[in-house]
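Presented sequentially are two complexes of chain A, the first with chain B as partner and the second with chain C.
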Partner chain A sequence: MQGYIYPNEFELHWSILVVVYPYVTGLVAGAFILASLERVFNVKEVQPTYRLALLTALAFLLVAPLPLLAHLGHPLRSYEIFLTPNRQSAMAMFGFVYAWYLMVVLLLEIWFDYRKDLVLWARQEKGLTRWIHYALTLGATDLSPRALSFDERMGRWITIIGIPSAFLLHGYVGFIFGSVKANPWWSSVLMPVVFLFSAIVSGIALVLIIYMVSAMLRWKPVDMKCVDKLAAFLFYAMVVDFSLEMLDFIHRLYESEESIEILSQMIESRLFISLIVLQVALGTLLPMITLGLTAPALSKRSAVKLPDELKRLIYLGSAILVQIGIFSIRWNVVIGGQLFSKSLRGLTVYKLELFGVEGLLAAAALLILPFVILWVLVKILPPWPEAEAKLPRAEDDSGAVTGAVPLR
Partner chain B sequence: MNPSERDPAREESTRPTQEVDRREFLKACSLLAPIILGVVRVPLLNAQESEGDDYDPSEHFYAMGIDVDKCIGCGQCVVACGTENDVPDEPYFFNTWVERYLIRTDGEVEVDSPNGGMEGFPPTTAEGDIRRSFFVPKLCNHCANPPCVQVCPVGATFKTEDGVVLVDDEYCIGCRYCIQACPYGARWLDPEKHVAAKCTFCYHRIVEGLVPACVEVCPTGARIFGEVERRATPLARFMRFNEVQVLKPHLNTEPKAYYANLDGEVR
Partner chain C sequence: MAKFDPFRGTRVPQQVPRLVAVFAVAIIGLLVARYFLVPDTFGQLGHYRAAALDTIVAHEKKYAGQQACQLCHFQIMQKRLAGNHKGVGCESCHGPAATHVSDPAQIKPSIPSEREFCLRCHEYSPSRPTGFPQIDPVRHNPMSFCSNCHDPHAPEPPVIPGQCSACHGQIARQKAVSHHAGLECTTCHEAPEEHKVTPRLVRPTKPTERSFCGGCHARDADSPPHIPRINLRLHNPRYVCWQCHYPHYPETP
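For the complex of A and B:
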């Protein structure tokens, strides 16, 4: 402790779990926006990651409310947010935004996208997987061209609704912080926008990592065009994100409100490692420069010519650094916002515990859990291009098999 | 008008024509006293009416006045509040606390509140270079536009009709958003109940016609509790005769803890 803090500020109220929450939600929004690149904006190069991105978004979305639930003083009362929401409260909208995103956007889009494959897999397979896939079709086994084109149209429409929804999902998380006028570190109209763009950055980087690592684990070649494009998009998103953050930073410095002194002190002491070193230097500038040089972002060819293998390694390294950087952003927002006193006269410290619900291990478990869920999802709904089931020729042409239960 | 300048003619004309016997007059007064005192609501002079079971919140609107010049930093209010409201013993939870400000001659400001000021304050060092020093009692400001109430996702924290901000223990989910939203650091999380906690103006006392514990024990009358909108209350008088200020007015929370003689350095 340094200077004066209000006596009730000795305890930090939002712990590492509340850092995990916006980090995970950001990954969901980012992964979804990446998936929509292919679907709505027809960026064909990133097609191999389309389904993987959707499943990644789903796996992380399923985990997103867990850190919040674990953090609540009374998790069993959390349903009250749905039953008697205070309509003035930004946080009360969480349940609705989350439910909308999960039910209307993500699950529907995945279902429409996989329906044809589910039907075909159910026909070809035996045993348990056959029944799982059949159950997932929800009985809609029509594979006529009309039905398939309906799937396609619906998928596209849901993505179009999904993009603003993804913006809403993470912009809203930013709003939860940005609207707290009591806290000068949080209170900023740019907060939702910064959250959103950092979400896009983190989502693209995550899918890039998962795509490359999964290809490695499956002994499959990495589609170089795809990762080049991903790296280029990652670079663009980082440029926008970093510009916004710098705008926020310069704006604060220039306005120089009464909080500026204590915030400067905080950045120089408490947040030096996590903000200056991890977030800005290692998490943003280094990967941004590397990607700018190696990825075909600024022109059709990369500025520095490198063999593909080295380039892949650089992309992977940059994407991992980006993840560290984005996690640091969340840390600096959530924890940083509580390290200075609202009396603006002193700084406090956050002692991260190792064990316990709000400890490091619990947070790590919550960050590993989505990967376990993703592994299960990938087993049930393989996102790989080669797993995609081909329509039998006859059916393809005539559309004869309509509505009939295909399980023989 | 100076008494010596009174007009004898005028005095003559207003004098009652029939002399009232002094004994009769006193007798009448003693009979009428309960009625007269009831009409001017003498109990209100002690800030509160005795309400009991038929308490009607719509007839009240409470606030607190704090005279910074009167506070001696004894910390009795902090102790009384802790006892009255079962504030946990850990050293970092307070419904009310006292801050000491030392403003040095070079303009440097030092603030401290050891254990919320509960045991008073240690002697100051280097007294020679102190320009001003004073104590500031703090508590929930029971804002008329409270950010804590706005952010509560389930509506567990609310404004009562009589102007008090309270938390429903049975309803609070313990998300702590209200604690983050309070600009005054007035809220804390009850470590046993796992719900948000704060000053209630001793709501259980005020509905019984008593004043909050901190007000009751203050030896110098630095805290004045009562009705804002009525005329003949100590708080109304306090607000009439002092220039009052609120904390962090730029946040538009419309606090109802009114400070007299507040220094600009207090945040």
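For the complex of A and C:
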């Protein structure tokens, strides 16, 4: 502690769990926007990661509210925000944004995309998996060209609705912080936009990591065209994100409100490691420069010629650095916003506990949980190209199953 | 086994009714849950259960409020309102006293008697505004309860003592019965006024040389004749006088 702070500012109220929450929602929005790229803008190269990105988004979305529930306590009351919607409360409306995104966007898109495969898998398999897959079709087993093209059209429409929804989901998180008038570190109209682009950066980097690691674990070759494209996208997104953050920064410096003194003091002391070192130097500049040089981002060929193996390692390393950087961004926003006194006269410290609901271990568990869920999802809905089932042969438009492998 | 498919042959794709059914179940489920779980009085007065007010009103009252005390403890009330604790309610020190008000003879409120109690508000803490009276409990008259020196109902800011004897009582009492009774402390000590406010920071002078006592006691000193004289050059010249004569109670050993 240093200088003067109000008694109720001595301890931070929003702990590391509140850091995990925007980090995880950011990954959801980012992964989904990456998937949409392929679908809406027809970027063929990233096709191998399309389904993986959707499942990643779903796995992280299922975990997204957990840090909040753990932090607020009383998880058994959480359903009440649906029963008695409060339109005055931005936080309460999140329940609806979340539900819309989960039910109408993500689950539907996955369902339409997988339906054909679900039907075919159910026909070929035996035992439990067969029933799981059959149940997931909801009984809609029509594989006629008309039905399939309906799937395709719906999927496309949902993606088109999904992009603004994903923007809403994460822009909303930025809105929550940006609209706190009393906090000069948060209060900024740029906040939702900055959040959104950092979300895209983190989502692309995450899918890149998961794609490469899963290929490694399955002893499958990595599609180099695909990772090159992902790395290039990651680079573009980082350039936009970094420019926005610089814009925000310069804007604050130029505006130079009365808070500027305590904020710069905070950056120089409390946030030096997490902001200057982790967020800017290691999490942004270093990966951005390496990606700019190694990925084919600025021209058709990359500026520095490297063997594929090395390039993959560099991509993986950069993506991991980006994750650290984005987590630091969330940390700096959430924790930083509470480190200085609203009297602008002093700084407090955040003591991170190890055990307990608000501790480091709980946060780590919440960050590991999505990968466990993803593992289960991948088992039920394999996203790999080779798992995709081929139509046995054309079925007639009436929807009657005339194929060689009947369902019953 | 015949397949159940009521939409077969119609133009609606098979997926639509299935999804509509799922969403219908979810939405109807929500409405049913709303019907059963949302309390009747919810929303009547605002975004909360109106009946909650009655529940709160029905709570037992623990605090009487300081207006209630005035009736019987008028003097204490007047004293407090004129003093430095005018902003501190009776019950913040004496605890909830609603039961005492209804039965003053039987039920007595608590009376704080621990130093820790006053320290809740007065212990030094950097988050308290500068200027708020704060003390360091380890240094500030330890072992003694605060109200031995401060009136809890009208505590006074520190008064600067007028006399040296306020703090140096023992020396003053000794001197008073000694041969030096007629001498002021300031004859021998130059004591700045600030010494009385921050005694440890500003210290008075003390005599350092034999010639100082010689100013009255030397043979040739210009002092009243009844003062006993010595030969300053011969009377134990290798020592300062107060190694043998205690200046606040000088005796001839």
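Keep in mind that, in the parts below, the second predicted complex is superposed on the first by the 395 of 408 C-alpha atoms of A that agree within 3 Å, B and C clash if a C-alpha of one lies under 4 Å from a C-alpha of the other, contacts with A are read in each partner's own complex, and residues count from 1 in each chain.
Rule of thumb we're sticking to: a contact is a pair of C-beta atoms (placed from the backbone, for glycine too) under 8 Å apart; a residue touches a chain by one contact, two chains touch by 3 or more.
Computed from a prediction, not measured in an experiment: that's the story for all the values here.
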| item | value |
| --- | --- |
| First, second, both or neither for A:N86, with chain B first and chain C second | both |
| First (chain B), second (chain C), both or neither touched by A:R130 | neither |
| Which of chain B and chain C A:R156 touches, first, second, both or neither | neither |
| Partner chain(s) touched by A:A140 [first = chain B, second = chain C, both, neither] | second |
| Chain B versus chain C as contact partner of A:K225, first or second or both or neither | neither |
| Touched partner set for A:P7, first chain B, second chain C, both or neither | both |
| Partner chain in contact with A:F112 - chain B first, chain C second, else both or neither | second |
| Common ground on chain A, meaning residues reached by chain C in one complex and by chain B in the other | 4-7, 9-10, 80, 84, 86, 88 |
| Footprint of chain C on chain A - complex, ascending | 1, 4-7, 9-10, 79-80, 82-84, 86, 88, 103, 108, 111-112, 115, 138-142, 146-147, 150-151, 154, 398-399, 408 |
| Residues on chain B engaged by chain A in the complex (per definition of touch) | 91-94, 97, 99, 109-113, 115-116, 138, 147, 149-155, 171-177, 179-189, 193-195, 251, 267 |
| Contact footprint of chain A on chain C as seen in their complex | 1, 5, 8-9, 13-15, 18-19, 21-23, 26, 30, 33-34, 37-38, 42-43, 47, 125-130 |
| Chain B partner contacts - residues on chain A that touch it in the complex | 3-11, 13-14, 68, 71-75, 77-78, 80-81, 84-86, 88-92, 94, 176, 180-183, 337-338, 341-345 |
